[in-house]
Amino acid sequence: MPLGGVLFITIFVIIFGCFLLFVASKLGKRSYDPVKQQTYECGIPAQEKKDTKISVKFYLTAILFIVFDIEIIFMYPWATTFRDFISSGQGLFVLISMMAFILVFIFGLFWEVKSKALDWE
Amino acid sequence: MRARKVAHMPSNFILEVGLPHYLVLSSLLFVTGMAGVLLRRNAIVMMMSIELMLNAVNLSFVAFSRYLGLLEGQVMVFFVMTIAAAEAAVGLALVVAIFKRFKEVNIRFFEHLKG
Amino acid sequence: MNHQLLMSILILSPFVGFLINGFRYKKHSANLAGTIATAAAAISFLSAILLFIDLLGMPAESRKISVSFFDWITVADFKVKAGFLVDQISAVMILIVTGVGSLIHLFSVGYMHHDKGVAKYFAYLNLFLFNMLLLVLGDNLLVMFVGWEGVGLCSYLLIGFWFTDKEKAAAGMKAFITNRIGDAAFLLGMFVLFLTFGTLTFSEINALIPQSPETSWLGAITIGTLFLFIGATGKSAQIPLYVWLPDAMAGPTPVSALIHAATMVTAGVYMIIRLNPLFLMAPNTLMVIAIIGALTAVMAASIGLTQWDIKKVLAYSTVSQLGYMFLACGVGAFGAALFHLMTHAFFKALMFLGSGSVIHAMHEEQDIRKMGGLKKYLPITHFTFFLGWVAIIGMPPFAGFFSKDEILWMSFHSPLGHVGLWALGAIGATMTAFYMTRLMALTFWGKSRVPKDVHPHESPAVMTIPLIVLGILSVIGGWIGIPHVIGSILPGHPENIWEHWLSPVIKAVPNLGHAEASQEWLLMGVSVTLAAASAALAYHFYVQDPEKPKRFAAAMGKFYEVVYNKYFVDEGYFAWIINPLVRTSKNIWFYVDVNFIDKATYVLSDIVRGGGQFVRVLQNGNIQQYALYIAIGIVTTLAFVLMR
Amino acid sequence: MSPDVFLFWFLAILTVISGLMVVLMTNPVFSALSLAMTMVLIGALFVTLNATFLAGVQLIVYAGAVMVLFVMVLMLFDLKNEIYAFTRGKISGAFKVGSVGILAGLVIGSIGLTASTLLQSSTAPLVSMSGDTTKDLGKILFSQYLLGFEALGALLLIVAVGAVALARSKGGTHAK
Amino acid sequence: MGNDIFEITVNCVKLIIVFLLMVQAVPVLVWLERRGSAFIQNRFGPNRVGPLGLLQLLADAVKFLFKEEFIPEHGIRFLYYGAPVMALVPATLAFAAIPLGYPLQWDSYIFRIQGFEVNVGIVYVLGASSLAVYSILMAGFGSGNKYSLMGALRATAQVVSYELALGLAIVGAILLYGTFNLTEMVAAQQGSLQFAFMGHAVNLSWLPNWGIFYQPLGAVIFFAATFAESNRLPFDLAEGEAELVAGFHTEYGGFKMLLFFIGEYGHMMVGSALMIVFYLGGYGIPGVTIPELQQWAAGVTSSANAASALVSLITFVSFTVKLAVFMWIFIQVRWTLPRFRYDQLMELGWKTMLPWALGNTILTAIVLYIAKA
């Protein structure tokens, strides 16, 4: 099982990155100029962040992503086993049941398109 | 590497990892999540705690599935994941709606919804 | 193809059509909606034919295709399967239902062309077909009951299809409520049968039927069958529950043709035929059925004599013909009943569609006083209507002759029959000939009384094709049941295919005596002569001397009034049943409910509210408090379980 | 200590710590990130239990989708440190902490009590599910649990429709 | 136990090497990108430092190391520093699971030319790369700058949208191979194009048995989605200079910026590698099967171990060549195509690629059923 490997490389990469950042910060010049610390705002004094309006569309996209992502994930076990089902003679049944599922998927997608949930002005 | 001493009774709680270990871990995560639900005031954090509880349950499902040799546990986890995701989506949609109204996600603001 | 698949296609195809049209109910395209619906019906018809062919291929004694899809209800000993059965009886029925149904769907494409809710209309029509197939194919009473209720629902929806018109909506309600009375009786009948036999499946009931007839009036079978018959009177518009059918003509005309002439209203007859071994064991019930059938036949026919609305005439004619079917059932001639059911489906659907064509041509005018002389405007409609006319008045060799004559002969000849029943039947047939000729004459013949601003025109091909097909069927439909007496003198001695076909599933009338050929000829001659004479009289009255009927009506005086007002049955129901019922229930509501029960509950509610004052603190909308209660509950439960 | 056992303890301790961080962090963004980490670690624990496919799904669905949604929402609202992160009532707080503690004690106690019977049957897996459980999972999902699967499809459709309708309610498309 | 320690050591060293392979490729690619873009735009590009300007990389690295360190005043320290480090992890994890060459057999010990073998490879790789958005979100939120935040949200929405098309495009490939395992997929693509369709055996010996011939649509969708996943042009909306300054790394500079770069190039490499594994035969060489190669290698050297090593080396080179071709395509596309508008981007993802990928899935399933049943 590669779990140990995964953990090892993760930790290694994190340490590697932190090390590089540490070295860079030690080697880099430091100067404390309050203007330099300011948030970037095209050269003018920074505006209050509260005034930024962020569209709920991002959030909608994320919700739809979750839903469709899960539907796609459901297709994965089907996709691996579909050949086995075909050879055991249940192919048509599984195909049809999956098509019914995909139909629901398509219906959802269609609805979202039609309700303009996917439109960015 | 995988040669494990097969013994009926564990000689050592630390060296023999089995089902009870996973169950204890799962229950610890569960009560952590429960504490979050009971104690946090931020609605989103509460929902996250609920996700944590669901995950804890998933863990015990998988552990049972492994140690009882039944795949049903894994199927159940699959379903739980889906439902948890659905719950998160709808719950957060509610939170967004509330936030739009009150500009707050404190759970006490949900009291305005009582009849 | 295997039977399960065929059966699924047969049943589900209209349902799919319903779903498709139902989801696009806002669309206005009659062509598309109609094509979908007609295709669904036609597919269904095709699979019905395939099933029928399969059935033909089987040996005569074991012709039976039974398909069970799943266990529907399983409660202890009570098991009901979603099972469907095609045997000789239901095969005929599915062919009628889907065949005539397809034609009427096709007709509707033309008829409903300008209607806004056309997709909805076709959706209902398909739903009706689906439910009718459930009713016909169900292999047990419960599945049949589902279909029974379903067709009732569709009938209600379609009668009230133009529900913005208050009267039409009221007609729908009337049909529904009247049917409910019958349905309640049907349910009671089902209970009784279940108590008696412990099953609702037809084959099992048939296996458990006792050998000898039940003579008592209080026997379980007699009571059960009586209840079922009351259910049938509701659905099939017999005395006393026939009042809804004439009003049901408020629906679109193709609906009247399909539901209120050809198929749904025959459900009661079909149910009795389906359970014929059981009914044969209850001679008392049969007697009731026969009497009610004969009375209905005469009474409805007499009302039909006086009506001016083209569809009302046909409606009363339908009630009357249904009466004949019940008469046939009552005298034990179930085969003849089914035969008449079939031929009636052909010619009555034809006449309704023809009247639809006329109404269409006359721009929604239904009063025959404003018609006349339509022959030259509507040649095809007139010709096909003519075929229907000769069929219904029983002229040989058209379809109606064979079936009606068979019924009349059996009502005389069968040991369960009586000469009085025959006489009633013959009177009814004479009246039928009269009012149908009257209808024919006032609508198509004679001088035109069409208002100036109406310009009648022949209907498009989609409407005339069904008429032609049904016209052909009305001519030849009877030839499969030629009685022996006639068959013996015809070249080639055609057999009575009908009797032969049904013989394995329909029990013969017990103790049937030997038929005297001369007697049979005589009766046949009498009824045909009476019908012909009466038709000729009507022709004289309404074509040659149009003033005579008025004088005649004036001469009849009060009697004409009574008949014209349908014997005041509706008014009587209101005066004696409905209004007292409403008054009583109002009183009960006021004295018992308001003054006693409500006050008693207020006391309770005050107690509860007082207690609630303490508890309401708990429900403060704080979700975390709620979560805490849940947590405490879990902890307590778990602790209890562990400490136990 | 064999590598497997070491891995379990390593993951378990990390999981508990990050789980606690979800609840204890006062900045909800950090809570969310800790929860994401918890989910990843639980995915890793799934691997130790030989449910590799589920581990992947856990990564994709929970860590990759659900938690992204949470983090996005938190950032959308721009929530920073909370002054009152926890509920205040003293008595109810005591009740809450108490019930949580008692529940933990009861559950772990009951596991401990039954540990001997559990262990007898379960230290080593009864049926060796080494090899590929993924295909078996697919097979069982598409035969025995097909109805549930289709129902979930319908559920997801409803969620897609409902959540979008909810989030877009009250006209405005912009949250401040 | 000694065996265990040996194995653990070997694997750890191997993983580090795979990681460093990926990291060291980045400067080369940066150089290639700069030279290539100059070439496309009829300029010279960096050509002073060293031969062909190759030492420019070293100079850059040194410059980055000595950059000044600062945090924006509203920034959150942990997130601000954590984001670049996090950027490395998903790409590395995903890249480590990809088989880069034919396994080497040294006596009885099998050494995989691959970070680690995962039996649910695809799911693992997708899962790992789905973690990449955290880095973006952390950077966007941690900078305390509205442009960063907007850029991060945009990037997230984009990555997430295209992840759907990506995941769905793969379903066709999974259907085709019936497995999640990347090594098995590569093995299924050896030899010449041959398959059975409704009982007829089809054999096209002049084409390799690559997935792209079975899944052309899937391959196109997958490749396009890869661009969006790695935030490359024409999908680099997150850093649209005119609208959002520089996207989520507006406030970053120096080595932190470099780490983001490594992550981005790592994603490109993972995407290209997956493309190769799914659709272009993995480490296989068109026209030559692995057994043929082994036979040839056995003829060249006497030792079985050396022959095996030779085979592995050749297959590794084959993989690297394919990877290089794809990287060049990435660079070429970046410097030749214009950028999408954001609404166009989302529309392309949701309304075009997702339905097409769905259609591909349905078509594949039906064709597979017809071919097999």
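Going by the order they are written in, the chains are A, B, C, D and E; count residues from 1 in each one.
Here is the rule we go by: contacts are C-beta pairs under 8 Å (C-beta built on N, C-alpha and C of every residue); 3 or more make two chains touch, one makes a residue touch a chain.
Please read these numbers as outputs of a predicted model, since none were measured by experiment.
Colleague: Keeping to the contact definition above, tell me which chains border both subunit A and subunit D.
Modeller: B, E
Colleague: Please flag the chain sitting at the greatest distance from subunit B, going by CA centroids.
Modeller: Chain centre farthest from subunit B's centre: C.
Colleague: Determine which of the two chain pairs, B-D or D-E, is joined by the larger number of C-beta pairs in contact.
Modeller: Here the pair linked by more C-beta pairs in contact is B-D.
Colleague: As a test of understanding: of all chains, whose mean C-alpha position lies farthest from that of subunit A?
Modeller: Following the centroid criterion, the farthest chain would be C.
Colleague: Once you find the CA centre of subunit A and the CA centre of subunit E, what distance in Å lies between them?
Modeller: Centre separation, subunit A to subunit E: 16 Å.
Colleague: How many angstrom lie between the centres of subunit B and subunit C, each centre taken as the mean Cα position?
Modeller: Centre separation, subunit B to subunit C: 59 Å.
Colleague: Could you put a whole-Å number on the gap between the CA centroids of subunit C and subunit E?
Modeller: 71
Colleague: What parts of subunit E, by residue number, touch at least two of the other chains?
Modeller: Within subunit E, the residues that touch at least two other chains are 4, 8, 118, 123, 149, 153, 156, 160, 163, 167, 180.
Colleague: Mind pulling the residue numbers of subunit B that touch at least two other chains?
Modeller: 1, 34, 38-39, 81-82, 85-86, 88-89, 92-93, 96
Colleague: Could you list which residues of subunit C touch at least two other chains?
Modeller: 624, 628, 631
Colleague: Spell out the residues on subunit B that touch subunit A in their complex, using ranges where they run on.
Modeller: Checking each residue of subunit B against subunit A gives 81-82, 85-86, 88-89, 92-93, 96.
Colleague: Quick one: which bits of subunit D touch subunit A in the complex? Just the residue numbers, please.
Modeller: For subunit D paired with subunit A, touching residues are 3, 7, 10, 44, 47-48, 53, 57, 60-61, 64-66, 68-69, 72-73, 76, 78, 134-135, 137-139, 141-143, 146, 149-150, 152-154, 156-157, 159-161, 163-164, 167-168, 173-176.
Colleague: Residues of subunit A touching subunit E in their complex?
Modeller: 2, 4-6, 8-10, 12-14, 16-18, 20-21, 23-25, 27-31, 36-42, 47, 49, 52, 54, 57-58, 61-62, 64-65, 68-69, 72-73, 75-76, 79-84, 86-87, 91-92, 95, 98-99, 102, 105-106, 109, 112-113, 118-121
Colleague: Can you tell me which positions in subunit D touch subunit C when the two form their complex?
Modeller: Per the touch definition, subunit D meets subunit C at residues 87, 92, 95-96, 99-100, 102-103, 106-107, 109-110, 113.
Colleague: Please output the residues of subunit C touching subunit B within their complex, sorted ascending.
Modeller: For this pair, the touching residues of subunit C are 619-624, 627-628, 631.
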